[in-house]
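Every chain is named by a letter (A, B, C and D) in the order it is written, and numbering of its residues begins at 1.
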Amino acid sequence: MCTAATYKTKDFYMGRTLDYEFAYGEEVTVMPRNYPLHFRYMGDMSEHFAIIGMAHVADNYPLYYDAVNEKGLGMAGLNFVGNAVYAEPDTEADEKENVSQYEFIPWVLSQCSSVKEVRSLLMRINLVGTPYSEMFPAAQLHWIIADENEAITVESVKEGLKVYDNHVGVLTNNPPFDIQMLMLADYAGLSPKQPVNTFASGVNLNMYSRGMGAMGLPGDLSSRSRFARVAYTKMNSRSGDSENESVSQFFHILGSVEQQRGCCEVADGKYEITIYTSCWNAAKGIYYYTTYENSQISAVDMNREDLESSGLKRYPLVNGQHINYQN
Amino acid sequence: MCTAATYKTKDFYMGRTLDYEFAYGEEVTVMPRNYPLHFRYMGDMSEHFAIIGMAHVADNYPLYYDAVNEKGLGMAGLNFVGNAVYAEPDTEADEKENVSQYEFIPWVLSQCSSVKEVRSLLMRINLVGTPYSEMFPAAQLHWIIADENEAITVESVKEGLKVYDNHVGVLTNNPPFDIQMLMLADYAGLSPKQPVNTFASGVNLNMYSRGMGAMGLPGDLSSRSRFARVAYTKMNSRSGDSENESVSQFFHILGSVEQQRGCCEVADGKYEITIYTSCWNAAKGIYYYTTYENSQISAVDMNREDLESSGLKRYPLVNGQHINYQN
Amino acid sequence: MCTAATYKTKDFYMGRTLDYEFAYGEEVTVMPRNYPLHFRYMGDMSEHFAIIGMAHVADNYPLYYDAVNEKGLGMAGLNFVGNAVYAEPDTEADEKENVSQYEFIPWVLSQCSSVKEVRSLLMRINLVGTPYSEMFPAAQLHWIIADENEAITVESVKEGLKVYDNHVGVLTNNPPFDIQMLMLADYAGLSPKQPVNTFASGVNLNMYSRGMGAMGLPGDLSSRSRFARVAYTKMNSRSGDSENESVSQFFHILGSVEQQRGCCEVADGKYEITIYTSCWNAAKGIYYYTTYENSQISAVDMNREDLESSGLKRYPLVNGQHINYQN
Amino acid sequence: MCTAATYKTKDFYMGRTLDYEFAYGEEVTVMPRNYPLHFRYMGDMSEHFAIIGMAHVADNYPLYYDAVNEKGLGMAGLNFVGNAVYAEPDTEADEKENVSQYEFIPWVLSQCSSVKEVRSLLMRINLVGTPYSEMFPAAQLHWIIADENEAITVESVKEGLKVYDNHVGVLTNNPPFDIQMLMLADYAGLSPKQPVNTFASGVNLNMYSRGMGAMGLPGDLSSRSRFARVAYTKMNSRSGDSENESVSQFFHILGSVEQQRGCCEVADGKYEITIYTSCWNAAKGIYYYTTYENSQISAVDMNREDLESSGLKRYPLVNGQHINYQN
């Protein structure tokens, strides 16, 4: 399905894979500060923070999958099928802010500059299932929201809206986040270092390979195994802190859970693949991405746009394999 | 350490990762047909098949890590530390051809046009441990050799030279290949499809994620786990057969076993990473590669060189992250 | 910690292991129909169903760990540390029946003849944490309750009292039952049969051993792994339906999760072991058990007691290894 | 198939499970010192060490599965199907002692008092495949031989007779012993202690259960998984050193790899089970055993027999469940 991660060097990076069996037509989309936002229940917002992210644009409205605003607050929605349950609109209670699931990313990123502010906003929210249109039924999602200081996971489930501290800074899909975190304990003893033999004291065990300290880490593409694998990779990552080294390392982190065509069959002859992988520098507002068929990193820099304008700026994905021939 | 794989669509592809904690200075190196080859025990060869591959070039001599010749025969040497045992030179027996381990790739690729011919050549070989020089002690390696029809693994061990059919077309490091293949049976029931519940007949188990059919596949970076993972990925890969689709898929196959910096600590603060990943189109003689810090694919096309010449043509690796800015 | 299971042949069997680092002094204890029961909040009960089970008897009061009543309804309490949260006594609400956790087994078994009746009883219960005495603080437990038709799991947690259908008829400890069941899906494809090779189509994998269809089943002593292992063993068990064959098979089922001294260190030099394993024939009211130091099955038959009496009948555990010397 | 183990407290213990889908009719069989032994190629032996063990007796000849002699040397043969290759009789070479596989146990136990002596004997042996009779084709076996000081594994394979030091003192079936030992390194970091979190430094992982230090230990019934599990259990076992405590612990060690009926289907509706489990006190010459249907330990004491006699003494297995009714 999908995997998201955060990574901190000198700057703060965040991004995600989008794994699916087909693409809806995504574009890197910059929403400048004066793009008029019309919320379904919450009225209009004529001025707001500028946002860059990956979106399917429908009738000039950006349905963001993941995005970051000019304050360095980022957010990604990931599939949460079978567990996402949205509220009904509550138009009686004045204090509740009814926000449709498809508006959740712009709602948050247009007005919050930190996770701390998001926590306050979420106290008042009533996240409802109203679809964007008949053609776009409500996606069953959960979200990771992060700035350079902290990350949270937001899940709207049967029991209501749950907001979790996300100390590992990763998210995949089912099961719910609290169970994913609980199950991480199963791997607590794994390590980048070779293990000390505590299995058979006094017996010489031949450590026949490097990297045996993480044996037991799952390698399949289920959301539970991707969660454990990307958490391990992210939490143990080491890199220089230059932009290039940080971005490279970030794509390697998400590369650990990439979905190869053929390895996850979702219907006869249909395979889930990592359609795109994104990484944004939250401080600089640069949105990097690769696609399944193009391993070169493409980038759009929010700050090269006129952020005071009012129209969306859209960049179709560079999809073909761009090969650098040396001769 | 390293992983190699083969892949067949319309053309035949092969390549490898080189995983280590530092680079020796590799270059994509084309050896044209008239580059004079001086073998340690086997004399000179003034004319031979042209070769392209990754090499450390020492005193104008290419110490190939992996290469393919103009006939479409490819070969890669991978670490086999603790198990590789080379013979002593046997200068008595006329029928034996003494070849040093560092000459093995040019010895084979200069004169064989198929694995079938390699099998014959190996009947006469005496693979010896003579080092290239004092500065380059004999590397402990084993090899995968493949053309579009078949692949073999060659291991020089205590018991002698072993030649194995390699039906999965992958190789990593320890343990020896026959044990790696034996242990694949542990994963026989894994599948890209969702499993049918045979665990608890009549009980409804909630298949909460896609891709649960391969649960049990190992996800760590040991050579045994990489063998299983890359074998699964390769054997189940699906792609179009165009050059771009094939090459993309090949890099995704090896991406499944990529080593991220931090996840495999080989000494205090030293981490093994995937220094480069290569992929050649054996039919067309194009050598593609990426590096840890440059995810864009670079390429050198053997057939754009003058293959009748006598001098090595060397292309230093493009290492920095080449980002395609869209604005 | 502990494991419980049910098993059905001609009769219905149920039992559990008690795993801990020391014993409190348990006895097989028969409570006849006229033993006067004084409930903390619910008054006295002078007549009730007869019960047999394992109990620590304090001041002539049986603190049952597991028991079955004369109607064939059985129940076992298992450690649920960190997740069990009991209610406060609610003496306002008339409709609520305040029952202390230590009274839960006699409360249920004294008056219910089926799980169906238990479900009704649980609608009215307010399970409170009042301890038996200062010396016996409230144990953090959850329960499996079963008759020959169905099994349920009861958990008193932060969110309130949860009653789950238990379709596999097993229980261990943490995490909560719904998570344990969810995670069983990770093993859905395991099977007593040899796997068909779906890993590497067309490649001959040498199935070098019998029993490879369940590779991936966890073998450690954690409560999560014991849950999966005993569920697999129970759900796939086959036996004759005679009393001896059924009882033998039942002890083999729980034997699959037995704790050996040394394998689970809970404090320096302290090891959790399977102190006893019980199995009752719910139809016949026979309570069988073994202990860590006595593998012979001992038994107490409720129906050989005067069930119309009013005093507890207590049988200390037969603990030494009873060996049958043939010469 | 089968599992063997050794265990040392004050005395030395050894034994095995015999796992199969049916029994051949085994008996605990004492061979006194003057029972006349006729070897196929090696002539007669009229006097020898006394032996006790489990055997199928054919025409008054004990085909031992496992046995111990009066000197405390024990030996067990376990299935090794597909890998066992026996030599042809070599009647030319004087120095070679031709011994049939079915004679191997009596050949060794009749004349060796220690593993050290066995090592010498094995220097001269030519282990041949001559069957006992047409009705008893040569079983494909390998052996564990042990005294209180050391254990070895003997395997007759394609490459010849291999003798391995067995530092863990356990044996199961395929793959060959050296591979089993190599693969133990995969579990090197497992431990009876709770793991320290090295997976996600600085993140609080909730160790929700006791015994999480051995997560990753395999729980299925394949010979590879049983090898790892019994090695872990044996190497970490703790017990008192009295006879009862030692024997109890030994049966618990082998209990960790017991085969429950239904969990390993070897043909339609045919299931491998642990037919018997044996344990001998090598110092005292007592042979203990349990069977699938009788969990009580039965015992035969060699020293209660007249060891100077010449006839086999046979004790049929006590098979029914012997239950100790307390009321």
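Here is the rule we go by: a residue touches a chain if its C-beta (ideal position, glycine included) is under 8 Å from a C-beta of that chain, and two chains touch if they have at least 3 such contacts.
Labels paired with UniProt names: A, B, C, D = choloylglycine hydrolase.
Everything numeric here is computed off the predicted structure, so don't read it as measured data.
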Comparing A-C with B-C, the busier interface by C-beta pairs is B-C
Top of the farthest list for chain B, CA-centroid basis, is C
Whole-angstrom distance, CA centroid of chain A to CA centroid of chain B, is 34
When centres are defined as mean Cα positions, the distance from chain B to chain C in whole Å is 55
So, in whole Å, the Cα centroid of chain A is separated from that of chain C by 43
Residue numbers in chain B touching two or more further chains are 175, 182, 186, 190, 193, 206, 208, 212-213, 215-216, 222, 224, 232, 236
Chain D residues touching chain A in their complex are 167-168, 181-182, 184-191, 193, 195-208, 212-213, 215-216, 231-232, 235-236
Touching chain A in the complex, chain B uses residues 1, 28, 82, 173-175, 190, 192-193, 206, 208-225, 228-229, 232-233, 236-239, 244-245, 247-249, 251-253, 255-256, 258-266, 271-272, 288, 290, 292-301, 304-305, 313, 315, 318, 320-327
Listed in rising order, chain A residues that touch chain C in their complex are 159, 175, 179, 182-183, 186, 222, 224
